[in-house]
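The same subunit A turns up in both complexes below, where it pairs with subunit B and then with subunit C.
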Partner chain A sequence: MNTQETQVKATLLNLLKNIAPDANFEALGETEDIRQALGIDSFDFLNFMIGINESFGVEIPETDYGKLMTLKDIIQYIEAHRT
Partner chain B sequence: MQPVWVKPPQILNISQRTLHLWRVNLAIAPDDLAHLSTLLSDEEAQRAQRFRFDRDRHRFIAARGTLRQLLSHYLQSSATQIQFAYGAHGKPEVAYPKTDLTFNLAHSQNTMVCAVTQQHRVGVDLEFLRETSDILDLARRFFQPAEFAAISQLDETEQQQTFFRLWTAKEAVLKALGSGLAGLAGVEFRWVGDQLELTRLEQETVAPSKWLIQGFTLPEGMGAIACEQNDLDVDCFEWGQ
Partner chain C sequence: MTDFCMPSLGADMKTGTLVKWHVKPGDRLKRGDIIADVETDKGIMEIEVFEDCVIDELLLKPETEVPVGTVMAKIHSEVAKKVTEAKVPIKETAKEKHLIESTKPPVKTTVTSTPVTTDGKRLRVSPIARKLAAELGVDLTQIKGTGAEGAIQERDVRQAAALADKVEEPAIERPVEKPLETPAAPAKLPSSAEFQAGMRRAIAAAMSRSNREIPHYYLETQIDMSHPLKWLEMENQKRSIKDRILPVVLLIKATAKALTEIPELNGYWIDDRLQVEESIHIGFAISLRQGGLVTPAIHHADTKSLDELMAAMRDLIERTRGGRLRSSELMDATITLTSLGDIGVEKVFGVIYPPQVALVGFGKITEQPWAERGMLDVRSVMTATLAGDHRATDGIIGARFLQALNTQLQTPEQL
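Entry: the complex of A and B
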């Protein structure tokens, strides 16, 4: 993971900490299903998507939500779509 | 609806004309939890161990263990023998024993709800109500323009309630379809009086008007069931009474 990806990951974890403050982030693997691993519901997931939009300026269409299950998916998506 | 939760009959039978909605309290005694943990598959037990906090681990074990017990009554199979398969977006179904039984579950804090039918696609959602300052922003982003317009005309308290009522109905439909949130834009409702009516469902063979959509309230929050067959009787059972 390069420096930029590391920064993206840190920002994503901060967003998730605001949404699911009790979850175990140290144990969250990069290829793990985030919703299952952290026990966040669909409403929280929407807030996570909004947080990504506001933090990175990346608008994620709903049709892409199914591709964004893991930290790795999201980091790659952000890197590919941000200007 | 305000469900009337009753004790289930001794022998559980479900016809194609019936939907069973179960409410399960996940806050259970340590002895019961220990027993339920013995019912889990190896994969479920490993997943339980990944939770950092006992509270979350206990809820997961209680939910999965009780689900196995509950389904075993319908399937005439032992709880430990039931095997699950998962759809592309994680929707579980019974893989073994072979059955037409369908189910879906949702949990929020210490409550789980589970909808069971014979053959029909079914989804259920449950959300605890939380104060959200930007509810209109969420509605604008994730709901259809007419849905957003209807919510924006309400006062602030009603906006929260109506948002979650609509959200749980949409989520229940998506869960019935097994399509995940990617299908959100393809599901549209309108209000007819105080009832929600499904008006648009993209990439789906069953017409929106054929769907059963039923909201319900619990002290813990708000929920909804969605089923592709709209003329079913809904029976509400309390697990463990």
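Entry: the complex of A and C
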């Protein structure tokens, strides 16, 4: 993981901490299903998407939600789509 | 002058702890303004007034825990005063005393478990008496009714309350009656573990009552969600991420609109009869991160647009999880909706929240084989269930409701 990716990951974890403050982030692996691991519902997930949009300026169409299951997926998606 | 009493925020609430006053003597409040924060087993709630009024005296100190119905403050209603000044004859001045409490519709929900006499017979209680007893904190089982067949009436409750006041006034058990200067026993705000325990107690009380009293019937139906989801996807494409609508909002609106066709499922079972409610306030089950469940109401869901419903739901979830709900939201849901599809559950067999008479449950939307007109296709399918109170309605009403729900969902552009 390069520096930029590390920064993206740190921002993502911050967003998730606001959504699920009491979840165990130590245990969250990069290839783990975020929704399952953190107990995030569709409302929380929407807020996560809004956070990503605001932090990175990436527009995420609803049809892409299914591709964004893990931290790794999301980091790659952001890298590919950010302007 | 009028008493402002500790309200009951649902069938499961017995006591409340004043956290803080939002007002001071002399303040003028409009209907719906927040008078105080009260801590219950389900968190801190903002208590609203139900009439325009002026604060005369605050009787309760913060951090005091008191039973439901305890007088918290003395206020006077501007409306009532005007009426008196205009010399409009008021039959019973005592009525004024509870103007604030009695004008709110949902007091019906303050009814706790149906009281029985010591020999196990059901008590006959008039609705007004029952309401008044809940407001005044009078135990109905201790009253001898003077109405027909021993029915307890309003005057019996007033008499009992007056008697109890006389007996109990000197007792220290009522911190209520003390002026502010007297130190009242401080109730410490609960820790997380205590909150958990309290939340479980509250859920236990309401659900045990439901299981004990309500003969549930269950119906389920599979709904083809392909068209509504496709429609929503198109709608959401036009929107920025933060304005997108979640599929559950379609379910809320379709439920509300189906209830306008089948009103029998929207209301309360009180005094051995169904009271259909005109307004549709959907209690939306929201789970708390730390465990437990709250079902605050989305008011007038049938008349709100999808955008308004999404905003209302967002606001409600954020305030529920942040622990800042308003009293009215906890008191007046007319039906409950629960959606467990996010966790991958296929169907929900709900337990009705008394005195409501129905609960609608939604499971996960999954791709399934779907046969229609001799053709086999793959569709997005969801199971909707209805738990109905068989005292209030029969299965055919529930069946009509599920059918209406399906019809509503198949025309999402009209939701």
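By our rule, the second predicted complex is superposed on the first by the 83 of 83 C-alpha atoms of A that agree within 3 Å, B and C clash if a C-alpha of one lies under 4 Å from a C-alpha of the other, contacts with A are read in each partner's own complex, and residues count from 1 in each chain.
Operating definition for what follows: a contact is a pair of C-beta atoms (placed from the backbone, for glycine too) under 8 Å apart; a residue touches a chain by one contact, two chains touch by 3 or more.
Here the structure is a predicted model, which is why all the values come from computation and not from measurement.
Visitor: Looking at the overlay, does A:24 come into contact with subunit B only (first), subunit C only (second), both, or neither?
Guide: first
Visitor: I'd like to know which partner A:33 touches here: subunit B for first, subunit C for second, both or neither.
Guide: first
Visitor: Of the two partner chains, subunit B (first) and subunit C (second), which one does A:65 touch, if any: first, second, both, or neither?
Guide: Only subunit B is touched by A:65; subunit C is not.
Visitor: Give one of first, second, both or neither to describe whether A:43 is in contact with subunit B, with subunit C, with both, or with none.
Guide: both
Visitor: Which parts of subunit A are in contact with subunit B and also with subunit C?
Guide: 22, 39, 41-43, 46, 50, 62-63
Visitor: For subunit A, which residues are in contact with subunit C within the complex?
Guide: Going by the criterion above, the answer is residues 20-22, 35, 39, 41-43, 46, 49-50, 53, 59-63.
Visitor: Name, in rising order, each residue of subunit A that touches subunit B in their complex.
Guide: Where subunit A meets subunit B, its residues are 22-24, 26-27, 33, 36-37, 39, 41-43, 45-47, 50, 62-66.
Visitor: Spell out the residues on subunit B that touch subunit A in their complex, using ranges where they run on.
Guide: Residues in contact with subunit A: 47, 50-53, 56, 60, 88-90, 108, 125, 127, 137-138, 141-142, 167, 171, 180-185.
Visitor: For a test of understanding, state which residues of subunit C touch subunit A in their complex under the given definition.
Guide: 233, 236-237, 240-242, 244, 246-248, 287, 289-290, 313-314, 317, 342-343
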